[in-house]
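Think of it as A, B, C and D in the order they're written, each chain with its own count starting at 1.
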Amino acid sequence: MMSYVADFIFMPLIAFVTGLGLVLMARRVRAKIERRVGPPVLQPIYDIVKLYAKKTQISHGIMHDLSIMMLLGGFITAEIFLPVPGFDGLAGEGDLITLIYIMMVPMLGLALGVGSCANPNGSIGISRALTAMLAYDIPFIIAVTGACMAYGTTNLIEIVQIQQAGGPASWGAATMPLLAFGGLLAVHGMMGKEPFEIYIAPAEIATGPMVEMSGKYMGALFIMQCFQLYTIGVIYTTLFLGGGENWPFFLAKVFAVVFISVAVTNVYGRFKTDTMIRWMWKWPTGIALAGLALVMAN
Amino acid sequence: MSDKLPVIEDQPEICRSVDAGERSVWTRVMNRFADHCRARSLFVLHYCTGCGAIELPPTITSRFDMERVGVSPMVTPRQADILLITGYLSIKTLKRVILSYEQMQSPKYVIGFGSCTINGGMYWNSYATVKRLDQYIPADLFIAGCMPRPEAVQQVLLKLMEDIDAGKANGWQDYYNNYDRYLGNQQALFGESWHTPTDVIAEAKHYGYLADGTMGRHTDLLLKRADYALDRVPEDYPERGKNERRLP
Amino acid sequence: MRPENYRPVKHPPSHEYELYFGPNHPGIEGNYAIRVRLKGDVIIEAIADGGYLHRGFEKIMEERLWIQNVALVPRICVPDPVPMEETYSRAVEMIGGLEVPVRAQWIRVMLLEMSRICAHLFTFGGNAATIGLYTNMFWGVTMRDYFLDLFEEVTGARIYHMFITPGGVRRDLPEGFLGRLGNLLDELERRMPEFEDLFFESAVVINRASGIGIISQEQALSWGVTGPNLRACDLPIDLRRDDPYLVYPELEFDVVTVEGGDALARMMARRGEVIQSIRILRQIIARLPSIGGAIRSPLPNPLAWNLPVGEAYARTESSKGETAFYIVSDGGPRPYRVHVRGPSSMHAVQVLEKLLIGARIEDIAQIMFSLDACPPEVDR
Amino acid sequence: MSIPAKLNDVLHEMPGIKVRMMNERRVRVDLSPDTLPALLEILKGRLGYCHLSAISCVDWVQTDQFELVYHVWSHMLKTMVSAHIFISRQPGQFISVYDIHAPAGFFERDIHEMFGVHFEGAPNLNKFILTSWGGPPPMLKSFNTREYVEKTFDWVQYSPDWLKDIEAKGGGID
């Protein structure tokens, strides 16, 4: 039991700190592509502290407050189910299916909170966010299913062990490249980056779900962004890139996954909602299905 | 320019009020830390109120790159810290500026951009533009010129950062403390039925910024004339989130 | 308890709602607003709501001297101020019967074309930003900034030059300026392929911009569409050709037309214009050194300068369309009446309202930016 | 510098018209208000004057008249015709030409707002720019903007008391 306490404390903490690094990297990469200097190293921390140090904030009722709990709670729980080097957390108890369920909680929480703001831009934004979820979840679930079938287990710890036993040649990305590629595209959509950034869309719906978030609420969303990037990076790493043998390698892989996404995003515009669904259900889904067929054939 | 004598107003002393909690070392350290972070993370509201906004894209983009000092544009007033009044304000815009300003969350800062915000500038005899910004909302800093260069914008942002870091940029408290005066000036321009959806007095009460100047002659008018009843809102605001005025 | 902005709408049909695409919305160009009624995602009614930038130019210009107004006019259109100065000055010259020296005319054309490039680069950036492609905006605005440096060198100001005065220009070009302009044009030409890869040929941009905000030729002519927006409907109408002013008849350039009439076509028309402007500027660089003479015809004391009784209507092809000034003089030291016809007064009000019907919420910003509407011109 | 023959023929079909060549490509015509819609219609139908560039309004206080100027341009003849008409300031009413030229919708709305001229049959004369304005139409010569500004706004104090104190002690700006 005592070992779990350490896991519960350290796993979200590590996730948060790594997430800050990922956010910083995303902003720096964007700055470099745009040929400018970019924010200072501590900028993500300054932003979050500043938002939490706001002296006034507007709440839109109980649901609005609760949604923030759901949002952060969902991600913190998800971190505990994600095995990282040195910490297994609850990954042995719950499996991949549980994790994917938990990962839907934050988005639903956000939907509930934004719904109580009565701002039409927020409502449109959240409906777009849920639509986007529908779009990227299908290829993602296919990729996850294929991977589980190939590994023969849904237990993340075992998946990591299987991949590490055989070295890089037995990594998911090497044994099932189609699934890994389809998964990467889905992961890009999951991070909400252009061309799949349909629910943020400042010029269309004034930043959608965030439109009424102020002070601490916005701070929570900034923290959520850290967790989101980290969680997505770690899931992908665990499934297809061999998980973590040790921290330096593990972090390098997580950063690499996020790096691909943030490097690509800055040279694309944003799709329309229907284009995104069509694209997601066509290419990543098709690739992942082909990968799944290959896995089943073997 | 004018043979009419200018109206003399009491300039309130803008300084930080000391509350009891501030005596403890912990609170002081935390406040210091918060100020430090506030100064280094400034979100500018994306609102082009006038022609000065044309110099903001150069300031933000690759050549001058505001983000390297932690300044980035933000879309909604809820999240923004700085309201840049980029130039002249027509009366119609001023209404929206006040609405946006009241929706922003404290601490918030206002920078008047260009000569037009100081004394009407080029449009001093125009019937449509407001001559003095600081009569209607508290402005922390002004940039002179028509129009100010990106370097000047950066300079003023750095100055604002210094002020925030030192805990001196407290114009927003002035709005709570002297709401009556600001509202009076607004009413003089927009008519006596002018009101905004944000209940500034209730906010001042709730967050402890109530001062002698918060309520007075003009806010009484708000009570009397507004199409909704302020007195139906309970005196005390036990819960957060109750600080909005009810609409009929 | 209700959130603060909540106001019950009177008996709306349950499936329709209203959205105030308001002045501090990033999808709006400048300080402008559109009230849209939506049915789901589709706009069924759009009402433009302007006046946020109203300064009463036409009124305050009546109160100032002829020469003082030179300082006011560039402020009417912020992204593209030079055509305003030029048009005003030309109208005053028409009334006063002033002759502009040839060298001044060449310098004016040079500034006009530089301003056109600036305005178009700015629009590309804005248009890309509406679909989340900020990189193009960052690069485009930076590129424009180098042009502003050159403007600063000639005129002393980055945005509001106040350089073109009735009778000529304020002063001659600095030494070596044309060389620097040439270098910058080389640099712009070198960068153009980057912009093409990033923006004009990007699959996402083409996907989003094609087929929205379509204006047919008949509609364009009857709605009073002008400028690049008209030429994007494949109509070769350009005031520089049809109603030539200054030294445009001596310059070689193509009137860029693009087929389609949609947002993409309008962007492509602007892209073509940038290339034509580069071509015009290159001709100017080659020919200007050989043209000597004065840069200003002698004016009387500008503080006591009465223009003869008369009226004039001067038009210029600006980056947005047809800019025109109608000026009436009653023989006094001040204009009796100045009427400004900003091209966007058509594009941002009537045309935009019509184009938005049937469009979707994500297209509002793009349609507005593709029309290159400039709200300060509408409000004046 | 002469008027194109086709245009000359058409213009002289109108009764009581005065034609003047302003410059190479601009013809000024003065005519009575009743014949203006007919002129615009004929110019549009026969000579392709389909582009209404602007409608300008001038307030002539001495003669108590509004001058309305319709600038139309032909892409065919590449000539501009500016049709000047004078209408009485009281009650300041004219008919809309929106059904001939759609752009007139905006200009008439603008003139209605700025001068108070009413256009009969205009599609939309709602306020556009001056929605927060309660005063008289501001472009009228009778409206004095300077007086209004002096009455409505306060100026910045250039010599406030606190500065006087500083100056008395030998400080200050100069």
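FYI, a contact is a pair of C-beta atoms (placed from the backbone, for glycine too) under 8 Å apart; a residue touches a chain by one contact, two chains touch by 3 or more.
Keep in mind it's a predicted model, so treat the numbers as computed, not measured.
Peer 1: Moving only between chains that touch, what is the shortest number of steps from chain A to chain D?
Peer 2: The distance in steps between these two chains is 2.
Peer 1: Using mean CA coordinates as chain centres, what's the chain B-chain C distance in Å?
Peer 2: Centre separation, chain B to chain C: 33 Å.
Peer 1: If you average the Cα atoms of chain A and of chain B to get two centres, how far apart are those centres in Å?
Peer 2: Here the centre of chain B sits 37 Å away from the centre of chain A.
Peer 1: Between chain C and chain D, what's the gap in Å when you average each chain's C-alpha atoms?
Peer 2: The separation of the two C-alpha centroids amounts to 21 Å.
Peer 1: Please tell me the distance, in whole Å, between the geometric centres of chain A and chain C computed from their C-alpha atoms.
Peer 2: Whole-Å distance between the two chain centres: 43.
Peer 1: Can you list the chain D residues in contact with two or more other chains?
Peer 2: Expected reply: 130-132, 138, 143, 145-146.
Peer 1: If a residue has to touch 2 or more other chains to count, which residues of chain B qualify?
Peer 2: Touching at least two other chains: 46, 61-63, 75-76, 92, 103, 125-128, 241, 244.
Peer 1: Quick one: which residues in chain C touch 2 or more of the other chains?
Peer 2: 1-6, 25-26, 51, 54, 56, 59-60, 63, 138-139, 142, 379
Peer 1: Sort out which chains touch which and give me every pair.
Peer 2: A-B, A-C, B-C, B-D, C-D
Peer 1: For chain C, which residues are in contact with chain B within the complex?
Peer 2: The contact residues of chain C facing chain B are 1-7, 22-26, 30-31, 51-56, 59-60, 63, 71-72, 75, 78-79, 122, 125, 137-139, 141-142, 144-145, 148, 158-160, 376, 379.
Peer 1: Within the complex, which stretch of chain D touches chain B?
Peer 2: So the residues of chain D touching chain B come out as 130-135, 138, 143, 145-146, 148-150, 152-157, 160-162.
Peer 1: Provide the residue numbers of chain A that touch chain B in the complex, in ascending order.
Peer 2: 27, 31, 34-40, 42-43, 45-47, 49-51, 53-61, 64-65, 202, 206-207, 210-215, 218
Peer 1: So in the complex, the part of chain C that touches chain A is made up of which residues?
Peer 2: 1-6, 17, 19, 25-27, 41, 128-135, 138-139, 142, 198, 202, 204-205, 207-208, 360-362, 364-365
Peer 1: What part of chain C is in contact with chain D in the complex they form?
Peer 2: Touching chain D from chain C are residues 48-51, 54, 56, 58-60, 63, 94, 221-224, 226, 237, 242-243, 311-313, 315, 322, 324, 326, 328, 336-337, 339, 341, 345-346, 349-350, 379.
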